[in-house]
Structures are given as structure tokens and as C-alpha cells.
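Look for chain A in each of the two complexes below; its partner is chain B in the first and chain C in the second.
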Partner chain A sequence: MKTWTFFLAGLAVGALTFGAARLTGNDYVFFAGYVVLQSVVLATAWNILGGYTGYVNFGSSAFFAVGAYTTVFFYKTFPMPVPLLVLCGGVVSGIIGLGMGYLTLRLRGAFFAIATIALLVVLQTLIVNWTYVGGSRGAYIIRPQSVPLLGSYIQYLFLIMLTLAVVAVTCARLIERSQLGFGFAAIRDDEMAAEASGVPTLKLKLIATTISGAFMGMAGAPFPYYISYLQPSSAFVLDYSVNAIAMSMIGGTSTWLGPVIGALLLGTLQQVASVTASPAVNLLIVGLLLIFFVIVAPNGIVGLAQSLRARMRR
Partner chain B sequence: MSELLAVENLGKKFGGFVALDGINLSVRKGERLGLIGPNGSGKSTFVNCICGTLRNETGSVRFEGALLDGKIAHQRTRIGLARSFQLPRPFMTMSVADNLRIPLLYTVNARSGPRITSGDAAARTHELLALVGLEAKALHRPSDLTQIEMRKLELARAIATEPKLLIADEAMAGLSQSEIDDILKLLMQLNERGITVILIEHIMSAVMSFSQRLVVFVSGRKIADGVPTDVMRDPDVVRAYLG
Partner chain C sequence: MASFNERAATLPCLGTPACGMSYDLLINAIVAGLLLGGFYVAVTIGLSISFGILDIVNIAHPAFIILGAYVVYIVNSQFGLDPILVAVVMLPVFYALGAGVYQVYFLSFERRGQAALRGLAFFFGLLFVNEVALILVFGVDYRYVTAPYIGPSLRLGPIDFPLRMLIPFLTAMVMFAAIQLFLSRTFIGRAIKAVSQDQLALRLMGADPTRIKRIAFALSIATASIAGALLIIIQPIEPSIGREFIGRAFAICVLGGMGSLPGTIVAGLLLGVVESLTATFHGPSWSPAISFGFLLITLAVRPAGLMGR
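Our next item is the complex of A and B:
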């Protein structure tokens, strides 16, 4: 399928989802759906770096938070419509991603992962001490009661996140099938052999950290409007980092579809669990599923399906 | 004939261990050079320093007159330096054919000149696989290959970069005599097309039949350099290497 066809099909699926959600006539569906879609974006973004190039980033929540705080900053200095804020959050987080890439160019494996955690701590400390955006006390965002055409504001935010999810997934799929994605895979498999084959590994890694960071920031940009009161501790939570990794791994990291399936499945499960049980159960679900998949199906649901199909063909 | 590769006073240490000690070597365009030496004498380290996989501490490498200092590995590949790894390093999650696509996309297409389209690339990878006798494995993963087939893939991937200088680091270990002959024939063909070849091998019959000139390393030093039959009679070589 051509990229444009895929994108339009994605939008069509999105439109159907939105229509179905409206039929329920219950705003809670939008509140919960927003979080699931946010997971789709975060997992897809994580996978562009972690799945395609093999560099495990534990700092997803830092990029998410940077997007959210970019919104807070502009809310105070130069108010803009949310779609523009999403772009701003993407630019700022993309730059942070590029910076992280530069600083960690020579680090591999566990060392890279630890460096991303360090980045998380550093950025959180910065925000906690920056009183202009609320510091440790947090910042209030007053969101309009309603928007024209749609009615409730949450539907508007849901629609933005839905569009972003379609864009992010289309972009991931495009990368995967392009020369860039091929180069990413070479880096993941063997960096030394990739260089020897002419792959500019440093440049490609920077591209990956930038794109990945940018999408995470975009996912975070509407967040202040979603919760209306943003604290450092609600944006810099390790949950986002862990979820992005877990969802990608459970779905399968080698294709764009994996993070989507993982995020829809785990995200929905978590939403159901948070209503029927406690937040602690949430983490338990993630943990157990992750252990199960690492042991039974290390290539995730997509990998499992692929190997089943291959076996049937033989 | 003009000079293609000029290595001057090349030195490399691993911690306190001197792996290469002031190596000088000049290779002419179109030459077939054999490089031998006991295990651990520094042959692969030499290749790694020339190709930018490792940084040498002293000395310099020139390729077609241009100093390579500071050029990273992929840049050296793009200007025409290719090597196979002694221990094969295939891209494990890609098909055998896709392993060869990487150098086509990232090296051949990075040069000025006609770009390889994806249709051309398919034909080209097929051709390359046929050269080393792996056509039947095109769609397999490298994990399905035997160690020997992986060596062939390793060599094919280096050839795919369309190099000016090809360094084959023990591409023949473990191969049968007829397979060795096939690879030698292939290297000869490439050489006839103008590609300079450095062959690193322990199999003496192969080295002797292939090389126009023979260089011997012992403990990180070059102890002999000359006509193969003369070198093999050199008392130092006989003592250090064959003795």
C-alpha cells in the first residue's frame, strides 16, 4: 500500500472510531480513549529508536514532559490553538532528542539506557526549579468548556490525539520501508558491519533520536489541557517510559504494527483495570504480561503471528 | 603502476600490548598482495586500522594519495576500501539478499554516478549471490547458513560495495579445495577488472598461487615483503613463521 493510501485509510479508521465513540454518548469513553491513543503515539515513537535501531530509551516520559511543559510555557507567554502547540512540543522535544543523541553517541546497550534515565532526572530537576512554568507546585491550565462543532472539549482533544496517532503510525511505517529504515535495521543488527557497508551510523542514530523524541513531545503537548493541572510528578512518571517499552515489546518491535497492537491491548486493559481495580493492579498487569512475552514470545504478538504463518505454509 | 594504498609507520596498542609496531606498506593499483603471519601477529588489527574500524595511535594511511586520518569507517568504504570480517558479521534480522542491499544503497548509491533503483538492486544482489554460489539462499536468514556460507556472504557484501581495494580476511578458512578454487577464481576475476586485492590467508597453497607479492607479519612487525618464492626462502620467515 502506498503511504498516502495508508494514511487515508488510517484517517478513515480514525473517523469510524470517533463516530463510534460519539454514539456511546458518554464522555468517559473519550477520556479513556485519549489515554489509549496517547499510548499508541508513545509506543510508536519509542519503537522508531528502540525497535528499529535497537537503542533502548528509558526516558520517554522526559520527552513527553518536555512536550507538556512546552505547552505550559506557551500558555503563559503566547497562547495558541492546541494543534500548533503539538507542533511546538514536537520541535522542542525533537531538539532534546537530537541533543541526547549527540551526548550519547558512543554509548551502547545498558550504558545508553542509563544515560536516558539520567536525562530524565536532569530535566525533571530543571522543571521542578523553574517557577515560571509552575515549579514543583505545578501549573493550572484553564480549558474552554466547549468547542464549536464538537461540543465537549475532551472530544476535541481526543480528535487531536487520534490524528497524531495516525500521523505517527504512518511515519513509522514509511521509515520502516524506506532506505532509512533499512539503515536503522543494519545498525540494530551490527553497527560495525553497518559502517563497513557504508552506513553513516552516527547520522542515522541522530535522525532516530530526533524523530522519536519529537513524536513523544507531540504526545505530551495536549496533556496539560487534558488534566488541567500539571505537576512535574504527573508528567515525569516512569510509567510512560515503562509502558512505551512494554507495549512495543508485547506487540513486537520489528514492525510499525507491533507497538500499535501492544498499545491498544495493554492501554485498554489498563483503562479497564483502573476502573475496576486499583492502579497497583495496572502495574502488575504490565509486569506479568511483559514477563510472559519475554519468555514465550520474545518477538511479540506480531512475531508470534509471523512464525505461525510461516509454519502453516511449510 | 601508481600507488593505491600507502601505510606509514602504523602503530596500534591494546592497553600495554603492542599489536602493530611501525608498519610500512605500499600497495600499487591492480596488485594482488598476500598477507600472512602466525595467529595474533596483527593482520586483522592492521585491516581494522586501515578501514577505520579501529583508530591507530601512530602513523598514517593514504588512499589514492589522500590522507585518511579522521575519516570514519563508512567514509572509507565509500571511497573504495572494502573488507570482509574474519568472523562473519551478517545482519541477522535481514534476508541474505537484503544483507547485500545495504552496501548497494549506502555505498554505491552514495557515490556520484547512476543510482541503483530498487529493481536494479534486486538483479544486482542476485548476481552477487551467484558469484559466491548462494543464489538458493537469497531469501533465507543468515542464521540458516553454515559457517562457510556465512564467509561467502561476508565476502559478497564486501564485493557489493564495488571497491577499488578489497581486503579478504581469511575468507577461505574451512572451505573445501574446490570451494577455495572457486573463491580464488572469483578474486582473480575481480582483479582482472582492476580491483586491487589483499588476501589474508593461512592456506599457503592459495596464497602462493594468488599473490604477486607476499608480506609477512610477526608479532605486529613486518618481517618480509617481496616476491612470494623469495619470501618463503627468507631465513627470518622460515624461523619465525614456518619453523
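Our next item is the complex of A and C:
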């Protein structure tokens, strides 16, 4: 399938989802669906760096929070419509991603992972001490009651996140099948060998950290409007990092489909668990599933399906 | 005292509220930092073994420390036993726990050669599960222990030694010395150091690398029991506090030089002093960024650390 066809098909699926959600006539569906779609974007973004190049990023929530705080900043200085804020969040987070890439270029896998945690805490401390965007007390975002055409504001945010999810997945698929994706895979399998055979590993790693960071920031940009009160401890929570990793690992990290499946499954499960049990229980489920999958099915659900198909063919 | 004041006058002005009394404040901040650094050494030494020597990226090490702190809390609040005594009694349990975790790690990742990415995710999952499980059982309230040395402090001239910090410092130094002696004097200790260098050669010496690694990893988790007791003596704890120590512990481990125990002690004390000075002169909300900033700079500029191998 051509990329454009895929993108249009994604948009069609998105439109169907939106129509179906409207048919329920219940705004809660949009509140829950927004979080699930946000997970799809975060997991897909994580997978561009973590799954394709093999560099584990524990700092997803940092990029997410940078996107969210970019929105808060512009909300105070120069208010803009949300789609533009998404772009701004993406640019700022992308720059942070590029910077992180530069800082950690020489590091092997594990060191890179630790550096991302360090980045998370440094950024959080900066935001906590920056009173203009609310500091540790947090910032209020007043969202409009309604938007033209759609009616409720949450449907508008849902639609933005839906579009973003389609764009992110299309982009991930495009990367996977392009020369860029082969370069990433070469880095993941053997960085030394890739370097020796002429793959520009440094440049590729920088591209990966930038794209991955940018999408995470885009996912975070509408977040202040979603919760309407943003404080550092709700944007920098480790939960986003764990979710992004767990969803990609459970779905399967080698293809674009894995994070999507993982995020849809786990995200929905979490929404159900939050309502029926408690938020702590749903995080426990995520942690246990992550451990279970890395031990038992290291290639995730997609990997399981592939090996099953291979066995049937034999 | 006159000489103190004269020297204080020659000191550069370090912080806005601190001028005038900066000498006393400075020396107290340094002492407090050294005591804190001693505790950081106890937190890091397990990681120096697992991450530094064995190359196992045990990102869940702080989670085990929190677990140790909660065990100490339970026994202390039920029976009133001394926190450090409880931790020493619990050493074999944590040793066994460590051996178990290594066995799972070895069978699932190391043997399959997938240690890097999936092993990291495994430990991240462990960290998270431990934290959430503790929240479910104990809630997010702060817990603390009672012991005779929490509260009083020793004064030597202008310098304050709170026993709450001094006892953990001394315990950490004893533990450090014991581990250093074990690693340099016994056969198994030397084998642990060798396992990171040449596994084949170790095999030829009649030692099974997997067994040696299991012993070393179990030892590293056992230190978490003691470190947990020291943590809850120093400050009240809640389940998610462990995250703050991920960066600190890795910063010290990397800054000191991977697998170098003397490097660990130098880096631990250094970080303690820098953090304490920052907290005294700029306010405590900046101190986490200091340690992590240290880590980022070390990783970017000199990944081999101060005393790297």
C-alpha cells in the first residue's frame, strides 16, 4: 500500500471511529478515547526510537511534559488555536530530542537510557522553579465551553488527537519502509557493523531522537486543555514512560502495528480498570504485563502472530 | 572565634542570605554533605556491583532499597527493634531475593543474548510493580521509624553532627569496608571482579561464571536491605521516593568510574557535598537537578568516570 493510500485509509478509520463515538451520545467516551489515542501517539513515538534503533528512552514523560508546558507558555504570552499549539509543542520537543541526541551520542544503550531519566528530572526541576508557567503550584487553563460545528470541546480535542494518531502511525510506517528505517534497523542489530559499512549512524540517531521527541511533544500539547489544570507532578509522572514502553513491548517493537495494538489493548484495559478498580491497580496491571511479555513473548503480540503464521504454513 | 570572622571576610559571597555568617554555614553544609554522601555510597554500592562489575543494568535497585525500608518500618513499628539490626537480620532474605531475580534474568535474557533492551524493560517493570504494590498496601502516606539516635545531635565547636546522619554514615562506611575486603581478599570476591573481564579465563580457573554472577548480584541486592534501613532513618519515606535515587545512584556509579569501589566512595561524597551546598545556598528545590546535571555532564564529557577501568 502506498503511503498516501494508507494515510487516507487511516483517516477513514478515524472518521468511522469518530462517527461511532458520536452515536453513543455520551461525552465520557471522548474523555476515555482521548487518553487511549494519546497512548497510541506516545507508544508509536517511543517505538520510532526504541523499537527501530534499539535505544531505550525512559524519558517519554519529559517530552510529553515539554509539549504540555509549551502550550501553557503560549497560553500566557500569545494564545493560539490548539492545532498550532500541537505544532509548537512538536518543534520544542523535537529540539529537546535533538539536544538529548547530541549530549548522548557517544553512549551505549544502557547509558543512554539512564541519561534520559536524568533529562526527565533536570527538566522537571527547571519547570518546578520556573514561576512564569506556574512553578510547583501549577497553571490553570480555561478552555472554551464549546466550539463551532462540533459542539463540545472534548470532541474537538478528541478529533485533534485522532488526526495526530493517524499522522504518527503513517509516519512510523513510512520510516519503517524507507532507507531511513533500514538504517535504524542496522543500528539496532549491530551499531559497529553499521558504522563500518558506511551507515551514518550519528546522523540517523539524531533524526530518530528528534522525530520521536517531536511526536511525544505533540501528544502533550493539547493535554493542558484536556485536564485544564497542569502541575509538574501530573505532566512528568513516570506513568507515561512506562506506558509507552509497555505498550510497544506488548504489541511488538519491530513494526508500526505493534505499538498501535499494544496501546489500543492496554489503553482500553486501563480505562476499564480505572473505572472498575483503581488507578493504582491499572498501573500494576501494566507493570506485570510488561514483565510477563518481556520474559515469555519478547517479540510481543505481533511476534506471536508472525510465528503462529509461520508454523501454520509449514 | 576572631580568626573565623577574619577568614569569613575573605571568603567570596556564596549566596544572598548567607553572607556574614558564611564560614559557619559553609563548614556545616560541607559536613552535612559528607554525611549525606556516605549514605549515597550505601545506596550506590549495590549498583556498583550489579551495573559496574556485572553489566546488569539494575534500574530497579532503588526499588529494592525502598522495599528494605518498608520491611524495617514494619518490624520497627510492630516490635520496636532497631532499624539497622532489622536490616542485618534481613540480609539473607534479600540475598535470596537477589539470587532469585538473577536466575529469572539469566534464564530469560542473558542466556538468550537479549539482555540489553529487554533486560532493561524487565527491571523497569520490576521497579514499577514494586512501587505500585507498596502504594496499594501502604498508601502514599509518609512512614518513619523510631530509634534513640533519631533527634539528638553531636556538637563539635561550630559544627553540628546530627546522629540521624552520623549513624547511617558510619554504617555505610563499615559496609563499604566489608565489601571492599570481600572483593579484594577472598577467592569468590576476586572471581566477581574477574567475571566482568574474562569469563573464559574464569572458567579455566574452575569457577562457574553464572554462579559467580548470581552470588555477586545477590550480594548487591543484600546491600539494599541496609541502605533501606539507612534511608528510613534519615528521612520519612513513601513508595515513589525511590525514583529520586535512580539518577543519584547511577550518577555516582558512572561518575566514580564503572565498577570502581574507591571511585564510588569519592563520587558519593562529592555529590553529597555539592547537593548540600546547593540546598544551603540556593534552596532545596534545585538539588535534584544538580545530581542529574552532574550525571548528564559526566556522560557527555567523560563517560569513563573519575576512576574508570
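Please note the rule applied: the second predicted complex is superposed on the first by the 314 of 314 C-alpha atoms of A that agree within 3 Å, B and C clash if a C-alpha of one lies under 4 Å from a C-alpha of the other, contacts with A are read in each partner's own complex, and residues count from 1 in each chain.
Basically, a residue touches a chain if its C-beta (ideal position, glycine included) is under 8 Å from a C-beta of that chain, and two chains touch if they have at least 3 such contacts.
Note that the structure is a prediction, hence the values are computed from the model and not measured.
In the three-chain model built by superposing on chain A, chain B fits alongside chain C with no clash. When the two structures are aligned on the shared chain, A:Met312 is found in touch with neither chain B nor chain C.
Once the two complexes are laid over each other on the shared chain, residue contacts for A:Leu23 go to neither chain B nor chain C.
When the two complexes are overlaid on their common chain A, residue A:Leu149 makes contact with neither chain B nor chain C.
Residue by residue along chain A, chain B and chain C are tallied for touches, and C comes out ahead. In the superposed pair of complexes, A:Ser197 makes contact with chain B only, with no contact to chain C. In the superposition on chain A, A:Val242 makes contact with chain C only, not with chain B. In the overlay built on the shared chain, the residue A:Leu290 is in contact with chain C alone; chain B does not reach it.
When the shared chain is aligned, chain C comes close enough to touch A:Ser136, but chain B does not. Legend: residue contacts after superposition of the two complexes on their common chain; A:Val122 is shown touching chain C, with no touch to chain B. Overlay on chain A (Cα): least separation between chain B and chain C is 9 Å.
Overlaid on A, the two complexes show chain B and chain C touching no common residue of chain A. Residues of chain C touching chain A in their complex: 51, 57, 59, 104, 108-109, 112, 114, 116-118, 120-122, 124-126, 128-129, 132-133, 135-136, 243-244, 246-247, 250-251, 254, 285-286, 288-289, 292-293, 295-296, 299-300, 303. Chain B contributes residues 51-53, 72-74, 77-78, 82-83, 85, 89-94, 98, 101-103, 105-107, 110, 157-158, 160-161 to its touches with chain A in the complex. Those residues of chain A lying in contact with chain C across their complex are 50, 54, 56, 58, 103-104, 106-107, 109-111, 113-115, 117-119, 121-122, 124-126, 128-129, 136, 238, 242, 245-246, 249, 280-281, 283-284, 286-288, 290-291, 294-295, 298. Contact residues of chain A toward chain B in the complex are 179, 182-183, 185-186, 188-190, 192-202, 254.
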